[in-house]
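Just so it is clear, A, B, C and D label the chains in written order, and each chain counts residues from 1 on its own.
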Amino acid sequence: MTKHSPAASAYTASELLAVMAARLLKDGQIVFAGVGIPLLAATLAQRSHTPHLTILFEGGTIGPFIVPGELPPSTNEQRCTRRSNMVLPITDVLLLLQRGYVDVGFMGGAQIDRFGNLNSSFIGDADNPRIRLPGTGGGNDISSLTDMIVAMKHEKRRFVADVDFITSPGWMKGKASRAERGLPQGGMWRVVTDLAVMGFDEDTREMKVLALNQGVTREQVQENTGFKLLFDAHVETAEPPRADELAVLRELDPERLYTA
Amino acid sequence: MTKHSPAASAYTASELLAVMAARLLKDGQIVFAGVGIPLLAATLAQRSHTPHLTILFEGGTIGPFIVPGELPPSTNEQRCTRRSNMVLPITDVLLLLQRGYVDVGFMGGAQIDRFGNLNSSFIGDADNPRIRLPGTGGGNDISSLTDMIVAMKHEKRRFVADVDFITSPGWMKGKASRAERGLPQGGMWRVVTDLAVMGFDEDTREMKVLALNQGVTREQVQENTGFKLLFDAHVETAEPPRADELAVLRELDPERLYTA
Amino acid sequence: MSVDTEVKPYQQLRRETMERDRGLREKVMSLEEAAKLVRDGDHVGIGGCTMSRTPTAMIWALIRARRKDLVVSRSITSSEGDLLFASGVSKHIITSWFTQGIVWGVSKVMRHHTEKKLARFEEWSHMSMGLRYRAGAMGIPFMPSRSMIGSDVGKRVGDSLKTMTCPFTGEEVVLLPALNPDVALIHVQRCDAYGNAQLDGLQFMDIDMAMAANKVILTTERIVSNDQIRRTPDQTRIPFFTVDAVVEAPMGCAPHECYGLYEPFFGHLDEYAEITAKDPVKGPQQYLEEYYYGPKSWPDYLAKLGMDAVLDACRRGRSVHND
Amino acid sequence: MSVDTEVKPYQQLRRETMERDRGLREKVMSLEEAAKLVRDGDHVGIGGCTMSRTPTAMIWALIRARRKDLVVSRSITSSEGDLLFASGVSKHIITSWFTQGIVWGVSKVMRHHTEKKLARFEEWSHMSMGLRYRAGAMGIPFMPSRSMIGSDVGKRVGDSLKTMTCPFTGEEVVLLPALNPDVALIHVQRCDAYGNAQLDGLQFMDIDMAMAANKVILTTERIVSNDQIRRTPDQTRIPFFTVDAVVEAPMGCAPHECYGLYEPFFGHLDEYAEITAKDPVKGPQQYLEEYYYGPKSWPDYLAKLGMDAVLDACRRGRSVHND
């Protein structure tokens, strides 16, 4: 799952991802999270700086507490409901996004482009795909209806100028195109990778580096990106994962299912 | 509630109504019933010839068994749910009508016209009513979406040529007008009164007497009706309420709340 | 068009929702404090139906606070509608049926206010009321349906009811405008301090109304711990982030019923019907003085209903669980 | 347009529903008898989601009965989708996500059939799938919504997705076509012989699917008495008159989970992922031979999963109720 060997660093790329993503969450937020890194990050945040954060799962759960070592294999198993506040039908939990109750959607990504559009459907031409991917699930709904954080590995093949297929809409073709295409609400807010944290230019909506992870250079990020990145006027260097943060992650995922 | 004195007959007009209405129900039917005579009639039917009849209440109940002496004051109190199969939200139980799961709707009526349109909203002009009545409740939905049985007292002021206001649509202006106005489904099937049982002409959709209660003449029915009634080629005389039928009604409503 | 049929533009609906403090926080307060969350002129949705789970305690508090010009909506309206008119709190009620209850005949108070044009009873079909709240709860501007068309009920609401040709089937369908109350008043059997509410038995239109509203005031028979809620999450019907106030109000529906706990106070409701039938003006005023303006507190109001009546209502209420 | 987006005209929907025997009657039968209720070419909706409350026993029976050309729809499709393709029972699955599960990577069987154009995976967003069933359940031809627009997911379904200008707000809204399966397969924790079903925990899209379908086949962990259902009517989620068959199938979701009773059989699912990844053609065939065509009965199938695996899945499953 990662190019970083445990020997090379005190933490894996996935752990770094989870920590950086967790730090973006604010207390009291309602977060629509996928399993894997997003769930780990949200749970880490709950146990550190956002004790009043509420997690929603598209399977139909509001406000669960994840039991360490019992991470759900998807958002749809009973493990997702442990000590939750409410269980409800899939359609109704997704409608919370449409009604406007959700602050942020938080997913992983297979392929992203310079305007933050995500592709999880087809690699290659949709009519003759090289790879048929699993598809949108709730991804299209979440990214159409709320502000998004995406956590993914920073690889050139994943960061492309234009995705082959827009499964989950970001800023479409940039500028005002998202609103013009019928999505005035929501949009891609942050992309967190093992190299950097990125946002999007307020005007052109192109991807822009806001912070670099420790020991990562601008060149490295650009080299691993399939399009020209913007860099913020004040690119910060993120504080590396702290021991307490890593300890929580390792308690949550002792078998390293998602953090290997 | 009745012009018949108990002295004059072995049963009250309301009891007669309930018995005649009950006999119209068939086993296995799904019946959307109001409280009062409709509920008494449906429950009587369950205890006589339709043991598999299912009652729906607009308050959100499927298949209750009414406890003798504990008749609900409306379709929305907990008494309606005693030993029921399912309790669900109002909107969803009414949607069963729209989806097409209900065989017959069964209500009382304040005012009806020759085409079976019901008025429970305004006596007089709606903008300057002589009497503002309680309104439709589920009446408009039930009569718009399924076949109807109405049970009411046979009085000239209640049986009028044209209702002041169509709260619950019957056959509208007759012929195909109901379908033309956007209601191809459902329609008024039977009107049961203390004098007779009426249907509607297949072609003109005018009210037509199908059966007379015992001791009632055609003239009597016509006298108590504010428009010209049609009479079926073979008008039958209904069998009067049997002792076993009356016994059930009196067990259900010992205080004569609805059968006085 | 009247206020209720001005469907909120989506961006406004979302902005108003985003501006709310939806975080996990305790929001327990008194009836009086909760009443301050309702502003004159607000559209107030009332939970329950007829004599069931009526949020009487909160209505009682709003009448005591002398709120004005509320537009009120409810599935079916009973005696609480009389009192909202008679107290001057509301001059406009949107509902499908309006009268104390079948057994007491047509409400003289409703008749007085509507026939004298002192107030407005805007009539929609029962299902249409529910679908309007549901559209509001789903964040869509309208809901397709198939009733009200053709009838005078549909005609009378005019432009508020629209029809269209279905682009898939070519059929004519009715479009009902979304209803998003400014405030919803809902009474529940139990909820926690955050507002996670569990409702037993009949749900009526309460869940959709809570999701549709821009504010929710919960009154509850008892406040339970969040841990207790988390033991049966599939019994929770209203999530905390839709709720703005939690008020513990035992017997909070009296003289109406609360499923599984108490039935209607029939004796009291007979008296109410009698005095309001005798004089549709003085009757309700006298009732308001005695039961609404007079009592020092909610327990004081319950004391006026009488301990015998309370015990009788509870005995009958709990019988729903008997075999 | 493909079969799934031909919305049933309302009169046809009603006529088909009226023709069903909706009376209160016992309808308990075997998996084999229930399989006969599904005709080749039917649109079959599958309840549950991913690895949860999958009606595996009924799918097992349909594959053994060699049904053909089924159009299948489900919220999210897991390993059962692989087997429906590999067995030739279906060449067209309508769903929002299709792969055994995140932890096992992209399904090689799904990839083989779709990339080689042997079968079709028609992709709709998760919420859109749910709203399509909901429209079908409500008896309306479409549901307004606000996702899928602008994206290639929306473009790819073409005319099946429409937009309109809201007559109330002037906004553009998406219209999703109603989905009314010919048959819905739903697994529940308990139901009575009439089909009154009580579902615990996650409900997914099952209730809407049951109301939308023209036939419902329930498989259940256990059949309980109607009296037991009537003791907790507010726990009933599917009413008997929508149900055409009741089949008692203990452990009926294995190797997937059934809320509160057993979790997924992870060991077995690891093996499944391994053999299907190794050879997306021979792998599933070998699996079908061993677990689907081979066993004499459902208990025989469970025996092949192994008693240890069953006990382990149940131990983990019941732990959801632990503090």
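Note that contacts are C-beta pairs under 8 Å (C-beta built on N, C-alpha and C of every residue); 3 or more make two chains touch, one makes a residue touch a chain.
A quick note: this is a predicted structure, and the numbers were derived from the prediction, not measured.
S.K.: With one step meaning two chains touch, work out the least steps from subunit A to subunit B.
M.R.: Contact-graph shortest path, subunit A to subunit B, evaluates to 2.
S.K.: Between chain pairs B-C and A-C, which one is joined by a greater number of C-beta pairs in contact?
M.R.: B-C
S.K.: Taking each chain's centre as the mean of its C-alpha atoms, give the chain farthest from subunit B.
M.R.: Taking each chain's C-alpha mean as its centre, the farthest from subunit B is A.
S.K.: Starting from the mean Cα coordinates of subunit A and subunit D, work out the distance between those two points in Å.
M.R.: Averaging C-alpha atoms per chain gives centres 29 Å apart.
S.K.: Measuring centre to centre with CA averages, how many angstrom lie between subunit B and subunit D?
M.R.: Centre separation, subunit B to subunit D: 41 Å.
S.K.: Can you list every residue of subunit C that touches 2 or more other chains, as numbers and ranges?
M.R.: Subunit C, residues with two or more chain partners: 10, 139-140, 145-146, 201-202, 234.
S.K.: If a residue has to touch 2 or more other chains to count, which residues of subunit A qualify?
M.R.: Those would be 61, 81, 87-88, 95, 98.
S.K.: What's the contact topology between the chains, one of line, ring, star, complete, other?
M.R.: Here the contact pattern is something else, fitting no line, ring, star or complete shape.
S.K.: All pairs of touching chains, please: list them by chain label.
M.R.: Inter-chain contacts occur between A-C, A-D, B-C, B-D, C-D.
S.K.: Considering only the defined contacts, which subunit C positions touch subunit B in the complex?
M.R.: Touching subunit B: residues 49-52, 75-76, 95-99, 101-103, 106-107, 110-111, 114-115, 121, 123, 125-128, 130-131, 133-134, 145-153, 156, 163, 172, 174, 201-205, 207-208, 257, 259-260, 263-264, 266, 317, 320 of subunit C.
S.K.: Of all residues in subunit A, which touch subunit C in the complex?
M.R.: Per the stated touch rule, the residues are 27-30, 52-54, 61-63, 65, 81, 83-88, 95, 98-101, 103, 184-185.
S.K.: Any idea which subunit B residues touch subunit C in the complex?
M.R.: 35-36, 58-61, 73-74, 76-82, 87-91, 94-95, 97-98, 121, 126, 129-141, 144-145, 165-169, 172, 178, 181-183, 257
S.K.: Under the touch definition given earlier, write down the residues of subunit C that touch subunit D in their complex.
M.R.: 5, 7-10, 135, 139-146, 162, 164, 166-169, 171, 173, 175, 177-178, 200-202, 234
S.K.: With touch defined as at the start, can you tell me which subunit D residues reach subunit B in the complex?
M.R.: Listed in rising order, the residues of subunit D that touch subunit B are 10-11, 13-14, 17-18, 21-25, 137-140, 194, 196, 211, 226, 229-230, 233-234, 236-237, 239-242.
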